Amino acid sequence: MSGIDAHLPALQVLTPLLTAALVVLLPARTLAWAAATAASFIAFAIASALTLAVLGGQTLDYAMGSWPAPYGIALEVDSFSALLLLVITGASSLALIGGRVSLNNQITEDRQPYYFAAWLLALAGLCGIVVAGDAFNIFVFMEISSLASYILVSGGPDRRALPAVFKYLVMGTIGATFYLIGIGLIYMMTGTLNLHDMELRIVEVADQRPVLAAAGFITVGLALKAAVFPLHVWLPNAYTWSPHITTTFLAACATKVALYVLLRFDFFVFQGNLVNHGMQFAAFLMPLAVLGILVGSAVAMFERNVKRSFAFSSIAQIGYILLGASFVTATGLTAGIVHMFNHALAKGAVFLALAAFATIATTTRLDDLSGIARRMPWTFVAFVIAGLSLIGVPGTAGFISKWYLIVAALEAGPLGIALVAVILISSLMAVVYVWRVVEVAAFGDPSEFDAASPPRALVVSVWIAAASNIGFGLVPELPVTLAKAASMQLLEHVL
Amino acid sequence: MTLFGLFNYWVFAVLLMIGFYAVIAKPNLIKKLIGLTLFQSAVFLLYITMGRIEGGTAPILSGNTGDTIYANPLPQVLILTAIVVGISTVALGLGIVVRIREEYGTIEESEISEIDQR
Amino acid sequence: MNTVLDILSWILLTLGGLAVLTGGIGALRMPDLYTRMHSASVTDSLGAILVISGIMLQAGLTLATLKLAAILLFLLLTSPTASNALATAALLAGTRPLDDEDSGDAST
Amino acid sequence: MKCMPGCAHCEATSMYIVVSLALITTMGIALARALLGPSVYDRVLAVNMFGTKTVLLLSVIAFLYGRPDFLDLALAYALINFIGVLAVLEFFRSRVPDARERRTGRHG
Amino acid sequence: MTALFGVFLLSLLVITAIGIVRATNLFVAVMLMGIASLLIAANFFILDAADVALTEAAVGAGVATVLFLGALSLTTSRERAPSANALVSGIVTVIAALIVIYATFDKPQFGDPNAPVHTHVAPWYLDKTPEYIDIPNVVTAVLGSYRSYDTMGEVFVVFTAGIGVLFLLGTRRVSRSLEEESKINLGLRHHLIPRTIGRLVIPFILLFGLYVQFHGEYGPGGAFQAGAIIAASLILYALLEGERHALELLPPQVLLFMMAGGALFYAAVGIAGMLLGGNFLDFSVLLGDSVKGQQIGILLVEFGVGVTVTGTLLSIYHAFAARNTR
């Protein structure tokens, strides 16, 4: 068995990738869904196995084609990547298993194999980014996942999905190209593409302008991909008009993977080596994070479309993650990384619940959800739990990350008090935009709903997601351990 | 020669910005994609330029193991990949534009948002 | 022998360069589409023949000559075809030659 | 690197340079025609001209650099250029009825 | 002297790019794109990147032009609204350009042999390739073996784009409208000369495509270029003979199979390496002799790449063209 163990980092990417190619060749529609779900679960199993190995204290390396590292492409799984892998594969599996009915409503049958292929490609791309140890390899897999996500978003039944996805495509491509320019400039100055090798070699040229320009290009490019505040304009429409299941998957992991790359690059390659980069990093990103938190939450309070409202909430949550990272302390990074995990849980559960609502409601506009709690009480309760987690109520997963965030802010001195205030204000805003939905759904006059009974599989997966919000809120060891290890690793490179 | 020592990089910058301008300023969706293509081409130029050595030749070993200087193969490999990635993105973008045209009857950004406001 | 070849290819290449340049100037200065096309396409073929045979003389009997021959053959096939297709397309779309309008719509 | 004993190569180099200068100038002219237009067909003509000149230039440069195995490239350009020009003409023609429809559609 | 060629070609390129942005007729812009692509490719050639030049010519000047034209014929060729925020965008871009140019000042001079790029990883490739892989074209060696994983990713990017276009546009509408299509007395297939010459030329182009595919280890070329060239020749066939004949030759189902099959084949070669005791994409274990194994591995994966690229590009083209004939 040790034979297979050694190949796990490669298999993590290959399983969904190859299944994607197979899915389009499958004759029967249901088979496509079954194959996609199975591949997703296998990927989840591999991710779990990798996590166990990482928790055992090892970092897994894999040399593609058996070529040694700076010459060939290396894969690398450490605690940070293991955490992300769990999030990605978990979100994909839950969304797929629950989302079948929702998909059948939104995408015609003959197009479904392509949709599932794109789904698996997105999954493989995201996993590929996370396990990659080579700057250019990250670009290639980023493009696989981006192109696949454009397809996933464009499947939305409303025509507004199309302009939304076009904007997403243009901005995503600009982001990827900026990233490409950035690694080109670094390659020009260091002669290598391997992240570790880069870290060692960049020291000699750290004060030269092309490297600074590279840091700028990479940060801006990835911030575009991650929808960091002023560059977020593609996100709300793309999330709103895409199929509900797509939204669940993308909201849970797509932007986080971009943030993952950003943090990895910043801490591995730039932080320790560029003069004052730590300060610059904090000085640039912290204001953006704060603005993102406030603006995102504020807009979310007034949006009439529930999906869109939670899309803006996502922008705020990205702000939290970034805020944690911009402290450049162990607690701060832990907070940010734990929030990646917890936000995926909360937002995934919210969007899954919305997908469940949408199987009987006509649209996801607030008015059309009126009184839906009476038709779907179980889903509604799960939605409330997810909402509480999003707000950060004690006992839910969201509380853990907010707690760490506040601790980190208090460590930061006088400025920290203001930041704590920001966090609290934004949490209050979260109460408002969650309560708005709860109020209408529970106490509003029932609007017209489809007669169809709510899909059981979807309700079950909503509940799994909601339950894990509580589970990881009460027993947060797993994400916190991984996040602590990850933040230590990241900081090692700074000191 | 030193006069033109950085000329390629300047062209890279100018081309990059011409493409970028087309993407952000032109409301026509196809024009945006054209701009995107230019934008990416500029990056290709950057990579290939850095791979060149004065007096070198293409990295296809010619058998005689003299002291022939060969250009750096790695940026060329990366750009081969990037060119194909670029055309894939553009193809997908064009597919989306065609669908937009079918649904909205226009490919001008301003008109599309007008239609959506209604 | 070598000098003769050299001189010959000098002549061929120079003539080729001249032909190409003439065609270019013609394409820039001629008054309407068809005259421009005339100037461009004729010199295209002539220039290609001259330049490529000039290089062929330098290359000698190698694989390169074969490839050059292939290029030449290909250019000679496709370039007039493209011009023809272009002229037909322009005529069908209603662009008429400048001065002789009667013959313009008589035939292709 | 380029000067071999007897300098026959130098001789050859200079004539390649002469002809490639002519080619480059013509490319510039073709570009000017492509930018000036006025009609779409003029531009197609210019594109075609530009393509064939590029093919010739590449053949010359392949010899200028002393690597004749790169002639493959020139050949590929010739092929692609032909396909490109035919595609432009084809699509431009197939648009003609559609264009009329669009004009009425816009007012409706 | 030759450096001046580069300067001249690049200046032409910048002029072309400005022309592209200013052109209001989108057909014109696309044609100028073709010119720009040729210029870039010629530049790559001068910069000693023969493989990239071939790719840019085949992909940029060939396939991209055809795809843009296909999309234009389905949309509109006029850019209507004038750019609203031209001034602001212009100022933004000029500032950005100045920043980028400023950043170049510390860059190693053009062609400096002591630049870090030429002293670190690259020399290893040039030195070790004869020993480990023993093929002349180092670009192919890096692409096919050292960075084979990237190349596989790239194949899947192409595959994804194909899936995406099929998802958006579908392939099913062709058969219905074919009779109307033949009624329209337009298009190349009703003209004798292009058709005859085209028929003459297509086998030749196909042959050349195969040559580029299998000669990639020795000279400039390889599977991507070959795939693009072969696809271009089949697109020419479709232009000359009509969609119906082209689709009879290679039905959509076959194209789909090529798309997925090539990518799967690539991965299968990699997995074979895994099963034989190496890592994924380790070709040296494929045969007893590791150098021979590398060579056969590169040949096989390039075959996979060629199949996927051809299949995908044709699928995309047909997806556009099928809409066109409605």
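Order of writing sets the labels: A, B, C, D and E. Residues in every chain begin at 1.
The definition used in the following text is that contacts are C-beta pairs under 8 Å (C-beta built on N, C-alpha and C of every residue); 3 or more make two chains touch, one makes a residue touch a chain.
Since the model is a prediction, treat every value here as computed from it, not as a measurement.
Any chain that touches chain C and also touches chain E is listed here: D. Among the remaining chains, those touching chain A as well as chain B are E.
Taking the mean of C-alpha positions as each chain's centre, the chain lying farthest from the centre of chain C is A.
Chains B-E form the pair joined by the most contacting C-beta pairs.
The greatest centre-to-centre gap from chain E, using C-alpha centroids, is found for A.
Work out the mean CA point of chain A and of chain D, and you get 47 Å between them. Averaged C-alpha coordinates give centres for chain B and chain C that are 31 Å from one another.
Remark: chain B and chain E have CA centroids separated by 12 Å (rounded to whole angstrom). Centre to centre, using the average C-alpha position, chain A and chain C are separated by 58 Å. Counting partner chains per residue, chain C shows two or more touched chains at residues 74, 78, 81, 85. Counting partner chains per residue, chain B shows two or more touched chains at residues 16, 20, 33, 50, 55, 57-58, 60, 62, 74-75, 78, 81, 85, 88-89, 92, 96-97, 99, 109. Within chain D, contacts with two or more other chains are made by residues 44, 46, 65, 69-70, 72, 75, 79, 81-82, 86, 89, 92-93, 96. Applying the touch definition to every pair of chains gives A-B, A-E, B-D, B-E, C-D, C-E, D-E. Against chain A, in their complex, chain B makes its touches with residues 16, 20, 23, 29, 32-33, 36, 39-40, 43, 46-47, 50, 74-75, 78, 81-82, 85, 88-89, 92-93, 96-97, 99-100, 103-104, 109, 112-113, 116. Residues 74, 77-78, 81, 84-85, 88 of chain C are the ones touching chain E in the complex.
Contact residues of chain E toward chain B in the complex are 3-4, 6-7, 10-11, 13-14, 17-18, 20-21, 26, 29-30, 33, 36-37, 40, 43-44, 47-52, 55-56, 59-60, 63-64, 67-68, 70-72, 74-76, 79-81, 83-86, 89-90, 92-94, 96-97, 100-101, 104-105, 107-113, 115, 117-118, 121-122, 125-126, 129-130, 136-139, 141-143, 147, 150-151, 153-154, 157-158, 160-161, 164-165, 168-169, 218-220, 222, 224, 309, 316, 319-320, 323. Those residues of chain C that touch chain D in the shared complex are 2, 6, 9-10, 13-14, 16-18, 20-21, 23-25, 27-28, 33, 36-37, 40, 44, 47-48, 51-52, 54-55, 58-59, 62-64, 67-68, 70-71, 74-75, 78-79, 81-83, 85-86, 89-90, 92-93, 95. By the touch criterion given at the top, residues 8, 11-12, 15-16, 18-19, 21-23, 25-26, 29-30, 32-33, 39, 41-42, 44-46, 48-49, 52-53, 55-56, 59-60, 63, 68-69, 71-72, 74-75, 78-79, 81-82, 85-86, 89, 92-93, 96 of chain D touch chain C in their complex.
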